[in-house]
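Consider the two complexes below, in which chain A is the common component and chain B and chain C are the respective partners.
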Partner chain A sequence: MHAVETLNLSKKYGKTDALRGLNFEVEEGEIMVILGPNGSGKTTLLMILCTILKPTSGIAKVVGIDVAKEGTKVREVMGIAFQEARGFWRHKPSSILRFHASMFDIDPTKRQDLIDQTMKDLELWESRDKLFMHLSGGQAKRLETAKVLVQRPKLAIFDEPTSQVDLRGKRKIWDKIKELRNQGSTIIVATNEVREAEYLADRVTILHQGQRVVCDTIPHLKDAIAGGDVVEVDFEDPVSARLSEELKSLGGSVALSPQGNQMRAMVSRAEDWVPKMTSASYNQGAKISSIKITEPSLDDVFMQFTGTTLEDKP
Partner chain B sequence: MNRVLTLAAYNIKLLLSERNWFFLIWALFALQITIFGSLMSRLVSGKVEDYLFFYSIGLMVITVFDSGASVGRNFVEHAHEGELPYYLSLPISRRGFLAAQALYGVADTMLKTLPPLLGILFFMGRLTVLGAFFAVLALLLLGLGISGIMISMSFIAFKSVDIYSAFIAGLSALLVRFSTVFYPLIFMPNFYSPISLLSPLTYGADLARWFLGFDPQLLLNPILAAAVVTAVAVGTLSLSARIVDRIIEGVKVG
Partner chain C sequence: MSELSRLFHVARADFSYFFRTKWLMAVLISLSVSDMLVTALVYRGLMNFDYFRFLVPGIVVAGLFSAATDTGRRIWLALREGVVQYYMTLPIRTSGLVVAYILSGGLGGIVYSSFLLVIALAVVPHQGIVNALLIIPFMFVLSTGIAGLSAFLASISRRGEIYWVYAQGLQVSMVTISTVFYPAQTIEGFLPGPVATIARYNPLSLAAGALRDSGFGGNPLDLSVLGTLLAASLPLAVSGALAYWVILRTIRLRGKP
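Right, the complex of A and B next:
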């Protein structure tokens, strides 16, 4: 049995298709990262899984329970940290966490210790008695994560867990999410941050325009794109059209910057391609100022499979 | 059930933190009775015996109405301030969620009306345990019915908050004006009284007055009033449960 499974899942808002026949599975105990730009359907999928939205058609199951038919049972086993940490304006973080823990029947004898420890871990301890409305965006976001950490659900869902959080805070939240997985939870993280996905993911599902484009481990995704290396070359001057054509004929996927003096190529073997490129450039009189060889990033993977970048609108 | 009570208690706790607001409501209530109530009482003296008492209970009914309406507004605010998705993600049924909202409404109504009601009954020498108990019960049933109406209408707010606000303002004005909160039915002109029979406030006000020993000649039949108030509470709460269960979604996102 999958921890999460959707079959032909669709959601329409009026005439807009947010999800279009999505098939998606998450295995028990893994961290599945859903990667996609804003508007790709990530949040809609999560809202359906936690029974807040109803699917227009198709099936979604959490630990084998149909979200449309047995919503209350699904909510018993899952917890969600929302993208927007809003509401509870006049409650304090400590009281919000106590309420959340009591709603999910966390052992009363351990509840307070667990809450205190989580607040300390996420650096909310100093703010525990501030009103929610006086928290910073980052603190409110950390509180959202803290609710799920205190709850320790079978399925934990994090919707862009580190947006508005500083770099140090991001690392803390990521480590706590991994710790939660190690304690036995299945995790889904929706994000459009490549670094977050690379740090957390056991597998990545790329979502684009409400459909699953691909799902695999990060190494497999990177292997699947054309070429295994990324070569970034800076020229002193914009390259000529003739050189550009010649470089493109060397193989791989070559793209020039709009200014014409930067080139990014995804090639099979950089050690074979680079000498050919430098030789062609020398023959055409183009001066190279730097060459950088790297592995493809998830952004490259996203670009390869969708034709757009994560920053682009859908 | 335990979770429903926990959720209700969480919201009620917030309500209790607004002590100053309650003092203000009670003070306004007292001011309204001592100035407008006593003035109007002199104007109609002779026609309605003890009009000040009649007026006081009418004012109490308006307070109950406002309290019930505030439950509906609260529900809409939850949706627009982002709390609703969180509540809908909690492990209680949609009906349980609604029951928690209703309990919050009951607490709100009790806090706003019980102290002034007991005060009035005491000062007017009409305080009896049974009378007060059943009058409060009638007012609570009325409050639940009003909450049910307002929550049922809240689906409009999911299309447009402006339309919802305008609709509720219009509905509230009609329900209050066309009712017996300030005038007994038998003194109303012919064109006015049939419309007033459509307002649940008419039945709630007359039932509360009957329990408190007001002249039955000026009131509706208490059995009819009790039946209508109960039917409105049960009917509108069932309707709002259906709406929460079937129509309302927490958020709309891309």
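Right, the complex of A and C next:
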């Protein structure tokens, strides 16, 4: 049995298709990262899994329970940290966490210790006497994560867990999410941040325009890119049209910067391609100032499979 | 934890929210107490003590009305700030959430008006304190009814200002066309017959009348009045609950209220 499974899942808002026949599985105990730009259907999928939204058609199951038919049972095993923090405005963080913990039957004898520890771990301890409405965006976001960490659900969902959080805070949240997985939870993280996906993911699902484009481990996704190496070349001056054509004819996928003096090429073997490129550049009189060879990023993977970048509108 | 205890838990969280709005509470209490003071001190030369005795139970009921309508404000805020979506991820049925809100609205109204009742019992001679205590459960049902009405108004309000307009409209119509501040004979003398009939059977009038006659006057409780009070309040609570349930269902279908 999958921890999460959807079959032909669709959701329409009026005439807009947010999800279009989505098939998606998450295995028990893994961290599945859903990667996609804004509007790709990530949040809609999560809202359906946590039973806030009803699907227009198709099936979604959490630990084998149909979310549309047995919502209350699903909610007993699932916890979500929303993209926009949601809390009682006039309550303090610890009382928000106490309410949440009691709704999910967290052992009363351990409840307060767990809440205190989680607040310390997520650097909320100093803000424990502030009302929710006086927390900064980052603090409210951390409190949102803290709810799920205190709850320790079978399925934990995080929707862009580190947006508005500073760099140090991001790493702390990521480590706590991994810790939660190690304690036995299955995790879904929706994000459009490549670094977050690379740090957390056991597997990545790329969503684009409400459909699953691909799902695999990060190494497999990177291997699946035509080529496999990324070569970034800086020229001292803009490259001539002739040289540009010649470089493109060497194979791989070559893109020039708008200024014309930086080039990014995805090639199958950098060790074969770079000598040809340097030789062609020398013959055309173009001076190279630097060459950098890297493996493709998830951005490249996304570009390869969708033809667009994570920053682009869907 | 059972469904019922979760329901009470949500109701308690919302109920405590009412009392966390300190400035609103201060405004409500000062309005109610100043009504009593103005009548007692400023109008002392113009009116006799009988009117003060008549007015004070009315103020207790008007206070219940104001506190119970705060439910609508809280629902409106929860809908717009997304707290409702958080509630919808908790292991409790949609119907449980609805009942919790109506229950907490009822509690807010009754706890607040009980404070006023204590003040009223201190400033007005009374002969039926036990009767007054026996009326409280009926006032609780009235409070849930008003909470239901305000939940209905919150559910149909797209903007905060619109909710306030509806709430004020409700207050003006329900309190004005009632015997909370003036006796039925006064209404009959100035307004058409049907309006006087509405005022007589207005649940606020029934509650104020029961408090005056039995709580302060010492007359035996009139069960027919209390029965009518229940019959008038329950449909309001049910219609409000239904409206709120429809809103939650709409969120599940459309993603927004």
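Just so it is clear, the second predicted complex is superposed on the first by the 312 of 314 C-alpha atoms of A that agree within 3 Å, B and C clash if a C-alpha of one lies under 4 Å from a C-alpha of the other, contacts with A are read in each partner's own complex, and residues count from 1 in each chain.
We adopt the following convention: a contact is a pair of C-beta atoms (placed from the backbone, for glycine too) under 8 Å apart; a residue touches a chain by one contact, two chains touch by 3 or more.
Small disclaimer: the values here were computed from a predicted structure and weren't measured.
In the three-chain model built by superposing on chain A, chain B clashes with chain C.
When the two complexes are overlaid on their common chain A, residue A:Thr72 makes contact with chain B and with chain C alike.
By the document's definition of touching, of the two partners only chain B reaches A:Gly41; chain C does not. In the superposition on chain A, no contact is made by A:His134 with either chain B or chain C. Using the contact criterion defined above for the overlaid structures, shared-chain residue A:Phe104 touches chain B and also reaches chain C. In the three-chain superposition model, chain A touches both chain B and chain C at residues 13, 44, 47, 50-54, 71-72, 75-76, 78-80, 82, 84, 86-91, 99, 102-104. In the complex of the two chains, the chain B residues touching chain A come out as 3, 6-7, 10, 13-14, 17, 78, 81-83, 85-86, 88-94, 249-254.
By the touch criterion stated above, chain C contacts chain A in their complex at residues 1, 3, 6, 9-10, 13, 17, 20-21, 77, 81-83, 85-86, 88-93, 251-255. In the complex of the two chains, the chain A residues touching chain B come out as 13, 16, 18, 38-39, 41, 43-44, 47, 50-54, 71-72, 75-76, 78-80, 82, 84, 86-91, 95, 99, 102-104. Residues 13, 44, 47, 50-54, 71-72, 75-76, 78-80, 82, 84, 86-91, 99, 102-105 of chain A are the ones touching chain C in the complex.
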